[in-house]
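Before any comments, here is the structure.
To keep things simple, chains are lettered A, B, C and D as they appear, and every chain counts its residues starting from 1.
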Amino acid sequence: MTPHMLTRSLDRGATIFLAIVAACGILIPLSNLLLPAGSFLQVPTYLVALWGKYVCYAILALAIDLIWGYCGILSLGHGAFFALGGYAMGMYLMRQIGTRGVYGNPILPDFMVFLNYSKLPWYWYGFDMFWFAALMVLVVPGLLAFCFGWLAFRSRVTGVYLSIITQAMTYALLLAFFRNDFGFGGNNGLTDFKDILGFNVQAEGTRAALFALSCLALILAFLICRSVVSSKLGKVLIAIRDAESRSRFLGYRVESYKLFVFTLSACMAGVAGALYVPQVGIINPSEFAPGNSIEAVIWVAVGGRGTLIGAALGAVVVNYAKTFFTSGMLAPYWLFMLGALFILVTLLLPKGIVGTFNSWWDQSKENRAATAASAAAEDGVTEPDMAESAQ
Amino acid sequence: MNVMDTRATSAMLYLDGVHVSFDGFHAINNLSLTLEPGEMRAIIGPNGAGKTTMMDIITGKTKPDEGVVLFDGVTDLTRLDETRIAELGIGRKFQKPTVFESQTVQDNLLLALNVDHSVKGTLFWRGSKAESESIDKVLETIRLTEARNRLAGSLSHGQKQWLEIGMLLAQDPKLLLVDEPVAGMTDVETHLTAELLKEINKTHTVMVVEHDMTFVRELGVKVTCLHEGTVLAEGTIDQVSSNERVIEVYLGR
Amino acid sequence: MLVNLPARLRTLLLSLVLIAFALPAFAGPFEDAIAKFANDDYSDTEEAIGVVASSGNPLAFPIISALQDGRLMADSDSKKVYVTGADGKSIDAATGQPVDSVPDSASAVRLNNRLRRSVDAAIGSLTLQSPDIATRLQAAQSVFKSHEETALEAVDGALAKETNKSVKAALGDARAAILLFKPDASEVEKLEAVATLKARGDQEAMALLTGMGDQPASVAKAAASAIGSIQSSLAVWSTVQNAWYGLSLGSVLLLAAIGLAITFGVMGVINMAHGEMVMIGAYTTFVVQEVIRTRYPGLFDYSLLIAVPLAFLVAGAIGVLIERSIIRFLYGRPLETLLATWGLSLVLQQAVRTMFGPTNREVGNPSWMSGAFELGQITITYNRLWILVFTLAVFAVLLAMLRYTALGLEMRAVTQNRRMAASMGIATSRVDALTFGLGSGIAGIAGVALSQIDNVSPNLGQSYIIDSFMVVVFGGVGNLWGTLVGAFTLGIANKFLEPVAGAVLGKIAILVLIILFIQKRPRGLFALKGRAVEA
Amino acid sequence: MLKKSTHDIAASFSRRGLFAATAGLMLGLASLTGAKAADDTIKVGVLHSLSGTMAISETTLKDTILFLIDEQNKKGGVLGKKLEAVVVDPASNWPLFAEKARELITKDKVAVVFGCWTSVSRKSVLPVFKELNNILFYPVQYEGEESERNVFYTGAAPNQQAIPAVDYLMKDEKVKRWVLAGTDYVYPRTTNKILEAYLKSKGVAQEDIMINYTPFGHSDWQTIVADIKKFGSAGKKTAVVSTINGDANVPFYKELGNQGIKAKDIPVVAFSVGEEELAGIDTKPLLGHLAAWNYFQSVKSPENEKFIKAWQAYTKNPKRVTNDPMEASVIGFNMWVKAVEKVKSTDPDKVIDALPGTETPNLTGGVSKMLPNHHITKPVFIGEIKANGQFDVVWKTPGLVAGDAWSKELDGSKDLIGDWVGKKCGNFNTKTNKCLGSGS
């Protein structure tokens, strides 16, 4: 990322958002570790884990918003890339267990022992090294997305057809990973992790660190997305979204653009998954379930399609609602609430929370500009330009 | 792209014996037509005459079942896709004005500018003086300088038509295909458009499809009348409009 | 068919009971055997069955058939055993004398699978000469199954008298089966037996031939060749069978997808709540059957016929409601419909869960939908057959409706060009509502049929939604014929893959094939061509 | 000039950062003010899915625990305190199970948790219970191969269900040929592995064993049922051992019934089909098919009759059935109460140490005992499906069978034992006298 892209991508909203994420990333772990347990300001560990999960979801949401909000590619299979990243990390964590597995086998994970694997399958090689696993977190989802996109975009599969085959992709992976012979622990998936880079995954310190790391990842992901959408490429993407064939007649190779963002987005989803696994402590095929991917899309819609910040916000809001509704007296009825939320948002806030807020803000700004005296209005208007001239 | 070693023809655009049919319906029927460099040609014809389909073929949107389509006498367009053809220097304005409604006027032009269109190029793009100047120039020509920061979607129908022509200019192609540029324009706008096209024709080869006879007359260029996907008559506007078959086609049988 | 056997047995039983009164009771092992029934011990019961069956006592049949239907009451204290007739009258099993009441301490003699088999065998040899053809056929078949030497005499006797062709054949098979396992049977007899079974040429025959112990060389050789020929013929049949399974699976897919082909294919609403419409149809069937069970048990066989229109109305009404309250605000925003309907599906699922509870609900097969018949060497189950027929019927009606009725015309008009249609005075909003209602209604009908082969639980819909979308997209959105072809192609492909790759890999392979196919035909099997598409 | 326009888009897309993140933060704070455990009650966590695919089985268990707590409170609660149930819905979503477990223990400060059905849900909460040192009672039959300090397994281990069932079929039905059909996940895989090894040890040839796996919720059984039929007609008595999971059973049995596979010809013995599941099927065609459990509603015993009466009164549904996992929940609950009263405290460490050796009457007339490996002793029953959806017990083990945490038939685990009393180790290798891995 070259400096001019960075500066260009940092408008006021983005800066504030990043500031707040950074603040959470620093303050929450600190309060969790330093303050005495039980004091009101101390964030209990379970909340750190919980919020860590939300942050990972937020990254996934960003990834989806990048392709859906800006390029009109509705992927109903993005959970697959998330899960693949998760599995890559999970495999690393499994290898770290070593002889501490229930059968004390130094090489084979427990599930392989009781399914009588004689030796480690070839595709498990290398995952004992963190750098390799970390690489795979990006490469595996990226490669799948690239091959899939290369086929689909070249043959101009668009709209619902694309959505449905992405769904078919994740569904096929779901079934594949369910199979025990597939060598990824079948339905039970990968779990009972011990260490990550030598730190105990359950230690409060590790959790706090993972949380901070997730926030960092969110910041990076956001910066990447911002600098992509605020570059000329971003304009091209929107052009493709709004009038695909027009952009072709202007000489843009649409498929390459789609392929680029699709792959980029898949890699981001992979990273999200990789950070998600050590914090929730399990990765299992149900992450491939088409329902999950659809829900992820819904987060974006709730927060506001094509606003990035909205996507992240939507992920947090929806998942927080889920956490909140699934406990206590509401538990038996939480699906009503969640369902109602989705319906109402699509009906009443078609632009999502942030989108609606933006247009309301712009509206009110215009009004203010109109009513206020010209001089005052000048200031009001020039302000963004100041932020602008910084570029 | 596949280039023939020798120019098969001097023509800028050369169509010969082109056929295309959708589910049995013959949209284009043994269509032959040549367009010399620097020429401006008006294409007229009733609805369903195959005007737009012809443009689809030239711009690679539709592949003909048979026939030759040569650009610059060397390039066989039937083998290329839209992007490649656009890169070769064929610009197109659609019948229904299609601009990028959710982006500002000048971004529309920026996107149209004939510069590096690769992913890398656009990703690391940074605005240059030359670019902004050429955009300003185009804005002048299409009289949209004041509206430069308005969203294209908020423009009037006529302004959209012009913006799209402006995008063609920014694209700076060798050959412009202009599909019904004055549809839904006031007489004044129509007149101005005619002037604009003539201006453009000084430096570009242009093919205009239009119903509006007064407009075509104002252009005062060679006219080709299509009917049922084949050339019915060719010549000056007066010759064509006095041709019985043309009259028959237009006034119905 | 086995279903209506007991009725016949009862009539037979009564006639025999009457004969029994005329005769004096035998003394000896028979009574002791009877007493054994009262021990509530499976091996004692088995012994008793053997003795009673071979006793030649006229009471034998009534007792054993009573045992089969759980009407043989035993009093463990007094060691007395009673036969309760279907008419409620009871007799003492040992003497055949009528008793006015069975003591409360008596309970029905219990059976397990092993005993059920010996009961069948016994009944078989006892009813070989019954006046009723169906009973005789049944008898012959059960003797064939058990092929116990003791039955040989009875079989020969019956063969001599038998006039009915099919029963004669069955007896022949039974005789062959017995001889095959009879150690002292002559080589000639055995060779004949092998030939007979070879002619029969089905699974059971093969089972017997493979199952028989060591035999004289000639017989073994004949048997081997017989097995070979049977196997080869069965191999051919198995292909036919796969094809049939494919059709049947295809019909299920089609049924589940037709509704979606309308709401999604024709209207462009990405209707994630489609599966829940199917579920609602299934639950309607459940409710209908409940009412029938409690109020008018006689109508049970018609329950589905009653459920179909009801399910259509219920699901259809809900569909219209949804369209009016949600979908209509989302036209032109297909992706939003996806989100809203997804939320809707969650709500509907939970609603059903709270109303009917989370567990499966029982929906029974009416008699005409249960059981199966043999076509050559393949078994065709009635429910699958009916579902196939039903699906095609629904499809035909739908096509006709779209083509010939005013509503159908309006629907096509609106979906092709809303503004034009509106300007021509079509009440587009009304048409939209009805179209969505129609799609949902058909989904409801599908639910009725699916309730016959699948769970009726709140998750029912979920299991079909993805497949449905695959079918519609594979066939080509907006084209009913495409949906038809798509469904059957996927169904048959799946069923031919399954034996090779196994159920799981088969399904995966199908999904991958769909993905690749869409690359070749980005708009499905039956894509519309031309400029219209781009608009 | 150009840059300005760039800004406009960008700005309009994301001006509201402040709004976005503050909203997020507020939500966070809201959740900080969680309910703190009240001192006059003992909180009991209930961690069963009330929505999603597993709700079909788990909801009943939630009701069972609520019922038991209600009964216990009528008796004056535990240690003079009332029990208070904390119900959460993990929604058949495995990571959510872990999250909810964490919430129950840290936020609601529950003394014990009753929950989970699927193995994967148990695996997903395991680390949480270890880390936060709390107690989980797991009431469902499972594949074994596990013995954890914080978990008490009141469902059947394979040797308390699968092996006896196979024995019965071999002895009583003279079965020579076996179809092992299951859903493709860990429980069936492991169980079938164990059975395969066991059958071979009994001299069954490889070609007489057919193993078949199907995906979750498999609904088209035509091919497989036909294969079973074919496999069954090879002249040897054949039986099907079904480890098919929940939802897939109904279509499976319907297909069996319709293709006319009668129990007399090819009996099917199932390990995950109980009264609850049968409630969804017309059982007349299934007459005589078998199931192996440690409890049947039809078992005649005063405890059972009392329990059924009370349960049906509590649920206000005279037709409401009971099943094996319910009994397992009952046993687990009673054992916990006993242990707590023994040590006069709900402190997990004390209770965990007190539980092994605890005895409570089960509902079938015996007395079940918590073993050092955290599994319990139970009787094994084989029941035949009756037309009324109930089971007719045709065979039962003479005494109670002790649950093996580690299967004797698997190479990986034949030398392992779980012993939390003496060895303080869940996976102790008796050969090497070592406690393997992270067991303790």
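Note that a contact is a pair of C-beta atoms (placed from the backbone, for glycine too) under 8 Å apart; a residue touches a chain by one contact, two chains touch by 3 or more.
The model shown is predicted, which means the values in this text are computed figures rather than measured ones.
Visitor: Which chain has its C-alpha centroid at the greatest distance from the C-alpha centroid of subunit D?
Guide: Greatest centre separation from subunit D goes to chain B.
Visitor: A-B versus C-D: which interface comes out with more C-beta contact pairs?
Guide: Higher contact count goes to C-D.
Visitor: How big is the gap, in whole Å, between where the Cα atoms of subunit A centre and where those of subunit B centre?
Guide: Comparing mean C-alpha positions, subunit B is 43 Å from subunit A.
Visitor: Hey, how far is the Cα centre of subunit B from the one of subunit D, in Å?
Guide: Comparing mean C-alpha positions, subunit D is 71 Å from subunit B.
Visitor: Averaging over Cα atoms per chain, report the distance between subunit C and subunit D in Å.
Guide: 31
Visitor: In whole angstrom, how far does the Cα centroid of subunit B sit from the Cα centroid of subunit C?
Guide: 65
Visitor: When you check subunit C against every other chain, which residues touch at least two of them?
Guide: 349-350, 462, 504, 507, 534
Visitor: Scan subunit A for residues touching two or more other chains and write them down.
Guide: Where subunit A meets two or more other chains at a single residue, that happens at 175, 178-179, 235, 238, 245, 332, 335.
Visitor: Where in subunit B do residues touch two or more of the other chains?
Guide: 61, 103, 107, 110
Visitor: Which of the residues in subunit A come into contact with subunit B in the complex?
Guide: That would be residues 2, 4-5, 228, 231-233, 235-236, 238-239, 242-243, 245-254, 256-257, 260 of subunit A.
Visitor: Which residues of subunit C touch subunit A in their complex?
Guide: 264, 270, 272, 326, 329-330, 333-336, 338-340, 342-347, 349-351, 354, 462, 466, 469-470, 473, 477, 504-505, 507-508, 511-512, 514-516, 518-520, 522-524, 534
Visitor: Which residues of subunit A touch subunit D once you look at their complex with the stated criterion?
Guide: Those in contact with subunit D are residues 8-9, 11-21, 24, 40, 43-47, 49-51, 53, 97, 99-104, 111, 113-116, 175, 178-180, 186-189, 191-194, 202, 226, 229-230, 234-235, 238, 280-282, 284, 286, 303, 306-310, 312-313, 316-317, 320, 322-324, 326-328, 331-332, 334-335, 353-354, 357-358, 361-362, 384-385, 387-388, 391.
Visitor: Taking the complex as given, what residues does subunit D use to touch subunit A?
Guide: 3-4, 6-7, 9-25, 27-28, 30-32, 35, 50-51, 86-91, 93-96, 98-100, 102-103, 106-107, 118-120, 123-124, 126-128, 130-131, 145-146, 184-186, 189-190, 193, 213, 215-216, 410-413, 416, 426-427, 429, 434, 436-439
Visitor: Can you name the residues of subunit B that touch subunit A in the complex?
Guide: Subunit B residues touching subunit A: 59, 61, 81-83, 86-87, 91-92, 94, 98-103, 107, 110-112, 114, 117-119, 122-126, 167, 171.
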